[in-house]
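In structure tokens below, several structures.
In the two complexes below, subunit A is the common chain; its partner is subunit B in one and subunit C in the other.
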Partner chain A sequence: MPSFSLVHLEFLGWAALWTLGLSAIAFIGGGLVGFAVALMRISPIRWLRYAAIGYIQIVQGTPLLILLFLIYFGIAIAGFQEVPALLAAGVGLTIYSSGFLAEIWRGCLQSVPKTQWEAAECLALTPWQRMTRVILPQAMRIATPPTVGFLVQIVKNTSLASVVGFVELAQAGKLINNSIFEPFTVFMVVAAIYFAICFPLSTWSRRLERKLNVSRR
Partner chain B sequence: MSAVVKLSNVYKSFGTNKVLDGVSFEVGRGEVAAVIGQSGSGKSTALRCINALETIDGGTIDVCGHAVHDEKLDRRSLRRDVGIVFQSYNLFPHLTAEQNIMLAPSCVKKVSKAEARDLAKDVLARVGLAEKAGHYPEQLSGGQQQRVAIARSLAMQPKLMLFDEVTSALDPQLTGEVLKVMEDLARGGMTMILVTHEMAFARKVASQVVYMHKGKVWETGPGAMLDSPRTPELASFVGSGL
Partner chain C sequence: MTYQFDFSSLWAYWPEFLQGAWLTLQLSAVSTVLGFVLGTLCAIGRADGPPWVKFLVASYVEVIRNTPLLVQVFIVYFGIATLGIKVSANAAAVIALVVNVGAYTCEIVRAGLESVHKSQLEAADCLGLSKPQIYWHVIIRPAIERVYPALTSQYVLLMLASSITSQISAEELTAVANRIQSDTFRSFETYIVVGIIYLALSFVVRIGLWLFGLAVFVRKRKLGTAL
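== the complex of A and B ==
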């Protein structure tokens, strides 16, 4: 029986790239949708607010695993024979991330004191100028630690994409183990790769926080 | 001469609490009106209504040709004409003094960066802070922050300036430097409405004093009315303030 070798390590390396790619899709997609939902959540228009609350509740109250199944089989039922695993996993993780990022960012936007919103409004800024020039620069500093913290969650949760047949890092580990039966070695390496991805993210978060801290030296 | 600001029979409640109970007064061009009264008398709310930060329940407010009570009010156009300075300064903490001032002229009036910078220099000099342009708000004292806030409003060249208890958070020395800036503004012919607890300042600078009590304009007159109040409420208010 073959044992853990460079070939396996190379396979894990490729799978790790898929994990990174899927994380990027989830974060960028989830970020765009999540920011829009966060803005809806604090909109003065009531039905937009309620729609955002409903969306957040449903996404946060559904396990990611079930969400992935629903999307994978949902697309198939809708009449598409071959559902690419990347599409199903990307859409599922995007929805999942957006539900959490929306609520994180909503809190950060609202933690900028009301007087700042008023002062910007009283200088005749448009709502968009107020958001981009006054509120966001302040909210971003507050948002950095929880956002990067959640980004780490996304990286780890991409492992669930294996259920729709997507071969990322965790699934690759399972496949290798199925052939060489060295679970401890294989999954130690898999864990180390996850850590190597997540640890720099946390370090980067701290650096970013200091950089954005310009007004509070 | 038409009034710059005219409140007629303004009503405003927060829940069951009647804050403004039929308030009327007028402020003419170049006039300085001081609104005084106990806490909770509705004076700050009246000021916020003038700038459409609060919507009113009844009556009319006309400000520089804008019908503020109208549902179709163009708030941004109103706010190009009206500057407001708050008790808590409300400078933007992530921007320097100069950037705080440049923001509105460049966003709203679309002036060039160089022009906005010249404008900032100019208004900072007017409030005596020319050398603080590159400082962040937290590097400035309360009095300096408030003067930057006044400069920020001035940079939009408003027709009317509102001051909402702008010295209440400051110690006497810092209060003095802010009041001096406001006095210079008044001398320069700026139309101003200030909600204030500074009786001496009101007496000296205001062309009109509006005493509010229980959501009503209780007494109004020139600064000298503080020396000879007609109502017992104003008498006791002025007496307690001395």
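== the complex of A and C ==
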């Protein structure tokens, strides 16, 4: 029986790139949808607000695994035969991260003091100007540390994409393990690669947070 | 779309869905309690232990928080087996979940411990409280009371994350769902039902932990103020 070798490491390296790619898709897609939901969540129109609350509650209240299964089987029901696994995984992770990012960003938008919103209105800025010139520049500073922190969650959760047949790092580990059966070595290496991706992000997030809280030290 | 939704064939399976939900609750409850104990001990060790304990706890927390639960579950289940120790899927699931949530609990409780003001400790010292008394009455209880909302969210997430253990065929709701959908070929409907059950469970867990908080933190309930 072959043992763990450079060939396997190379395979894991490629899979790690897919993990990064899927994370990027999830972050960009989730960011766009999540920002829209965050805006809906603080909108003055009541039904928009309730729709956003419902969306966030549903996404945060069901496991990502179930969400992925639903999309996987749902796409087949909708009549598409051959669906690329990347699409199914990308859609699932986009929905998942949008639900969490929306709630994080809502908090950041609302943490901009109310007087700032009122002052912008008094200066006759349009809602668009108020958002882009006054609120967002302040909210984004607050939003950066938790957003980077959430990136770690996204990277870790791409490991669940294996259930829809997407070969990323965890699935690659499983495949290698099936052929050489050295689970301890294989999954330790897989864990080490995840750690190498996530740890710098966590550290960065913590540093940003410290910088933000300088005044409170 | 020509697909006909058919939930009726799932009716026959309601005892199994219920059983699965109950198993998930049990799995989460055991992991929550053990994880809380582990995490609190680690937080205390990190705050007041000797340097090597601090280092050990810090590495444990960083390693767990920066690797996916799925891989941790695989390492516990398949990895321990190759070391010659045989554990059942359910035991492996509990071990992995406890180790996982222990690290998160440690971080949260540590924030609580740090929030206890120094003057409180000095006051307790002046009142002649012993070290264990100070620990229990002045540090741990107020600290946990303060971070209780964060802990609640973490344990709801744990309940949802326990679905991952279906990947090593531990007995819980998602594993039950996988079995039912391969029986009925009604995959989409099955996972919709299970999604709704998880949604309900997350409300149940949230409310349960809230009631537990009311029962445990008497001072807060009577005075109605934050610490």
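Please note the rule applied: the second predicted complex is superposed on the first by the 202 of 217 C-alpha atoms of A that agree within 3 Å, B and C clash if a C-alpha of one lies under 4 Å from a C-alpha of the other, contacts with A are read in each partner's own complex, and residues count from 1 in each chain.
Just so we're on the same page, contacts are C-beta pairs under 8 Å (C-beta built on N, C-alpha and C of every residue); 3 or more make two chains touch, one makes a residue touch a chain.
It should be emphasised that the depicted structure is a prediction, and the values quoted were computed from it without experimental measurement.
Asker: Could you look at A:138 and tell me whether it touches subunit B, subunit C, both or neither (first, second, both, neither)?
Answerer: A:138 sits against subunit B, while subunit C stays out of touch.
Asker: With the two complexes superposed on chain A, say which partner A:9 touches: subunit B (first), subunit C (second), both, or neither.
Answerer: neither
Asker: Taking the superposition as given, does A:187 touch the first partner, subunit B, the second, subunit C, both, or neither?
Answerer: Second partner only, subunit C.
Asker: Where does A:129 make contact in the superposed view: on subunit B (first), on subunit C (second), on both, or on neither?
Answerer: Once the two structures are laid over each other on A, A:129 reaches subunit B alone.
Asker: Is subunit A touched at more residues by subunit B or by subunit C?
Answerer: Of subunit B and subunit C, C contacts more residues of subunit A.
Asker: Once the structures are superposed on A, label A:118 by its partner contacts, choosing first (subunit B), second (subunit C), both or neither.
Answerer: first
Asker: If we overlay the two complexes on their shared chain A, which of subunit B and subunit C does A:69 touch? Say first, second, both or neither.
Answerer: In the superposition, A:69 touches subunit C alone.
Asker: Do subunit B and subunit C land on any of the same subunit A residues, and which?
Answerer: In subunit A, nothing is touched by subunit B and also by subunit C.
Asker: Looking at the complex, which residues from subunit C come into contact with subunit A?
Answerer: 1-3, 62-63, 65-72, 74-75, 78-79, 81-83, 160-161, 163-164, 166-167, 174, 177, 187-188, 191-192, 194-195, 198-199, 202-203
Asker: Which part of subunit A faces subunit C closely enough to touch in the complex?
Answerer: Residues 57-58, 60-67, 69-70, 73-74, 77-79, 152, 156-157, 159-160, 162-163, 170, 173-174, 177, 182-184, 187-188, 190-191, 194-195, 198-199, 202.
Asker: If we count contacts the way the header does, which residues on subunit A are in touch with subunit B in the complex?
Answerer: 115-116, 118-126, 129, 133-134, 137-138, 141, 214-216
Asker: What does subunit B use to touch subunit A in their complex?
Answerer: Subunit B residues touching subunit A: 51, 53, 75-77, 79-80, 82-84, 86, 88, 90-95, 103-104, 107-108, 136-138, 152-153, 156.
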